[in-house]
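You will see two complexes here that share chain A, one where it goes with chain B and one where it goes with chain C.
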Partner chain A sequence: MDVIELAKPLIDGKFSSLDNIERYEILEQLIVAYLDTNEIDKAEKYLKLVKDKIKDEFSSRLQKLYGMIEEAKGNYEKAIEIYNETLKVDEVNEAVHKRLIAVNIANGNRTEAINLLNKYLEVFVSGDEDAWLQLADLYLLENQCQQAAYCIEEVILTNPKNHLYYLRYADIMCCIGRYQIASKYYCKTLDLCNDNIRALYGILYTNQYLLKSKAEDKSTSDETIKALIDLAKEQLAKLYKKSPCEEVVNEFLKQ
Partner chain B sequence: MAGSMYESQDLYLDPSIKYWVLFPIMIVMFLVGILRHNITTILSVNQSLSTGEVKESLAVKYGRLFIANKNYIPESTFKLRKNYWYDAYNSGKYLNDPNATANGDMLDPANMESTMTGMKKAFANLIPQYVLMSWVSYFFAGFVIIKLPFYLPTRFKEMFQRGIDTQNLDISWVSSLSWYFFNLFGLGGIFSLILGSNNSAGSAKDIAPQMQMAPNQKDRFNKLHKSLAEEVKIVEHSWALDDIEDQILIKYGKKSPVNNDKKNK
Partner chain C sequence: MEYHISKEAYLKIYAHCVKYPVNQVTGILLGKKTEGSPSKVNVITAIPVSHESVLLSNKLEIALRQIDIYCKKNTLQIIGCYHANELVENDEIPELINLFAKNIDSNLSGQSLLLMIDNKKLIANDDQHIFKAYVLQKSWKILQTITNYVFIVEEEGINKSKEIVKNGSYANIVDFDSHLEDISLDWLNNDKFVV
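Now for the complex of A and B:
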């Protein structure tokens, strides 16, 4: 909504006085914003401005907008067709690749989306954290935790300073029952982000499990595990102090 | 002699010098700059990459990241990736053209095209510069056109009075050829105001990079991948999270670092 409020007067009133490149960037954002708020007719009206400018020349950016309008109308098949046509001409356009994948996800066609994402990531193998995260999400929806873990590893390799990635990895490790690794990654998250409640709960949960499990399944000593549990409890109690759910949490921690 | 330096030398400049030399040089240079900007825009071809080219360069980026951040993933998956990428780099799986040789084929159309665009750009930049300079030095040779309102040491004589061979002329007088150079360097700012910061109207700084054209080696990535294969092969894994529990406990004061050291010994 903010985009529309800010961009509309600019495009309507001062279109010709804007910088040549900038004005189309703003216009594109305005069109996308209208699609987000489901005002398709307005989006089409503004798209005409772009069409007038580039006439018959091929532009994958314009094609992408056409596709997005079809998407907003709900014609997923048509949109997919447009994207595929565009990719035939401009095969390295990341945005169009991503739209094509997004349509498939929206369409509920998860297997196809996973296939396409894999193909996309085969080419754009490095640097695209969002794509890997999306693929991990899709795998998780398909209950393929191992593959999801692989994707998160890729993201950690790309950016090892983001604690949220470690958290995701730990969650997935927890899911597939590798509590030792999960505990380590929860610890790493806590190391990078001091008041991450999820990490604290994770440490608590995994270590309580590890305490009970057999010696060959764990690499840390019982002493350390107990210390970690105490630490997690203590920190959680501290973080929930004066919050409405303090009592509930304390009750839980006593168990 | 030293005294005469500070006596202002009063030269009377014909006002028509101002109208027929000073302004024309500036205006012509300005117009040529704009013209050049437009010509370069027309000449420059949009170079689009193919999937293969994107792939091979991103694979190199991946390898570097992998080697840098390898310690943050568990050892088993590290080994998995190490083996996979060692094979991939070695066999040239991610290369655009695994059989490329040094310098490639001179007649390869892709190669020709990139060479041609480079030359086009260089010519579009250089020719106007040569033409303008010879125009100024031929038509306006030896003109003294403006006087700076301040004094400068004698060393600037070369710079301000190029084209005039008078030893005693005060430094603050500027010759026509020097005025040309001032415009050449100084108009860049004005162009970027008018044509945007990425203009190709070209001040002097644009000429320099054009002169040294990088040799277009087709097998650059093949070599990079081979060397990455070696690097990946020798890379060792030491898990950064090995003693993370202890680190956390130390951080929160549950365990003293000294104690930990003893344990490690």
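Now for the complex of A and C:
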């Protein structure tokens, strides 16, 4: 919405006075913003400006916008066709590869999206964190937690200081019942971000579970487990002091 | 058997869906179940839980335990849940929601409600409510197809839903996910979300 409000008067009123490169960048953003707000006719109207400029020359960037318009209209097959055609000419265009993956996700072709993403990560930058995270999400939807965990390991290697990745890894471990590892990763999250509520709840949850489980399923002593539970409870109680949910949470912590 | 959705519940669910248009959203229905003829299930309010992946279920369990406490304090019952899928075309009940809703049903000893959001109706924005209502009769059955089952959504809720989109007040709704980011947000009462 903001993009439209800011970009529209620029394009409408001062188009010719803008810098030659800059104006098309703004125009592109405006078109994408219209697609986001589902005003496809307006997006098409502005796209015509670009088309007039580059005439019959081939441009992957323009093709991408055409594809996105088809996506917005719900013609996923047509969009896939456009992207595939574009990739034949411009094989290494990252943005188009990503659109192709996105349209497959939107279309519900999860297996195809997973294939494409794997290929993308193999061929292009393997340090693309967003792509790994997206792949992890897709695996989770397919109930393939191990593969999802692998993706998160990759992003942790790329960016070991981001506490959210450890948190995600812990959540997945929790999901497949590996509470011991989950607890460790929640602790690491807390280490990097010491008032992280999710990590505190995670430590509480996993250790309460570990306390009840058999000795061979855990590698830490009951004292450590109890200490962790107490730590999490204490921290949560402290952080919730001013929260409107304090009463409920205090009762929750007593359970 | 009569199911009644209050204005407050409808608007909270509606706002939750509109606030996160590209995510799947999940929440809990609270209300009261009364026996009699006809038996009634009143959905009085809704508690938004998640707009991220619900697959990671420890979060869901913590949320539910807190909702339980909230219910006892406010003499309400967990009546069911609602869920909107991420993709517009997808109107299936995801496996996890199926298990989750069945669990709620057995806790309530039957007659719980599962509201799947019909994303197409959400987009169409006409005068109909946005639900596909299911009840558990061995499997999930669409409520309206069962004889003697009535499903009513308070008219005023549907009328007001357009208003909260126009004036932007839908953005004030908060769920458990946003609460975990900022615990000063009251996801249980949603006091800031005034209609």
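Keep this in mind: the second predicted complex is superposed on the first by the 254 of 255 C-alpha atoms of A that agree within 3 Å, B and C clash if a C-alpha of one lies under 4 Å from a C-alpha of the other, contacts with A are read in each partner's own complex, and residues count from 1 in each chain.
One rule holds in what follows: a residue touches a chain if its C-beta (ideal position, glycine included) is under 8 Å from a C-beta of that chain, and two chains touch if they have at least 3 such contacts.
Predicted, not measured: the structure shown is a model, and the values here were computed from it.
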Clash-or-fit label for the pair chain B, chain C on chain A: fit
Contacts of A:T158 with chain B and chain C, given as first, second, both or neither: first
First (chain B), second (chain C), both or neither touched by A:Y139: neither
Touching partner for A:V125 - first (chain B), second (chain C), both, neither: first
Chain B versus chain C as contact partner of A:Y34, first or second or both or neither: neither
Included angle at chain A between vectors to chain C and chain B, based on C-alpha centres and rounded to the nearest 10 degrees: 160
Touching partner for A:Y66 - first (chain B), second (chain C), both, neither: neither
Chain B versus chain C as contact partner of A:L239, first or second or both or neither: second
Chain B and chain C, minimum CA distance [Å, superposed model]: 20
Touch list for chain B against partner chain A, complex: 48-51, 54-55, 58-59, 61-62, 65-66, 69-70, 72-74, 77, 81, 94, 196, 240-241, 244-249, 251-252, 254-255
Residue numbers on chain A that touch chain C, as the complex places them: 106, 108, 137, 140-141, 143, 171-172, 174-175, 197-198, 201-202, 205-206, 239-240, 242-245, 247-249, 251-252, 255
Residue ranges of chain C touching chain A (in the complex, touch as defined): 53, 55-59, 61-62, 65-66, 69-70, 73, 87, 89-90, 179-181, 183-189, 191
Complex interface listing, chain A residues touching chain B: 19-21, 90-92, 122-127, 149-150, 153, 156-158, 160, 181, 183-185, 187-188, 190-191, 220, 224, 227-228, 230-231, 235
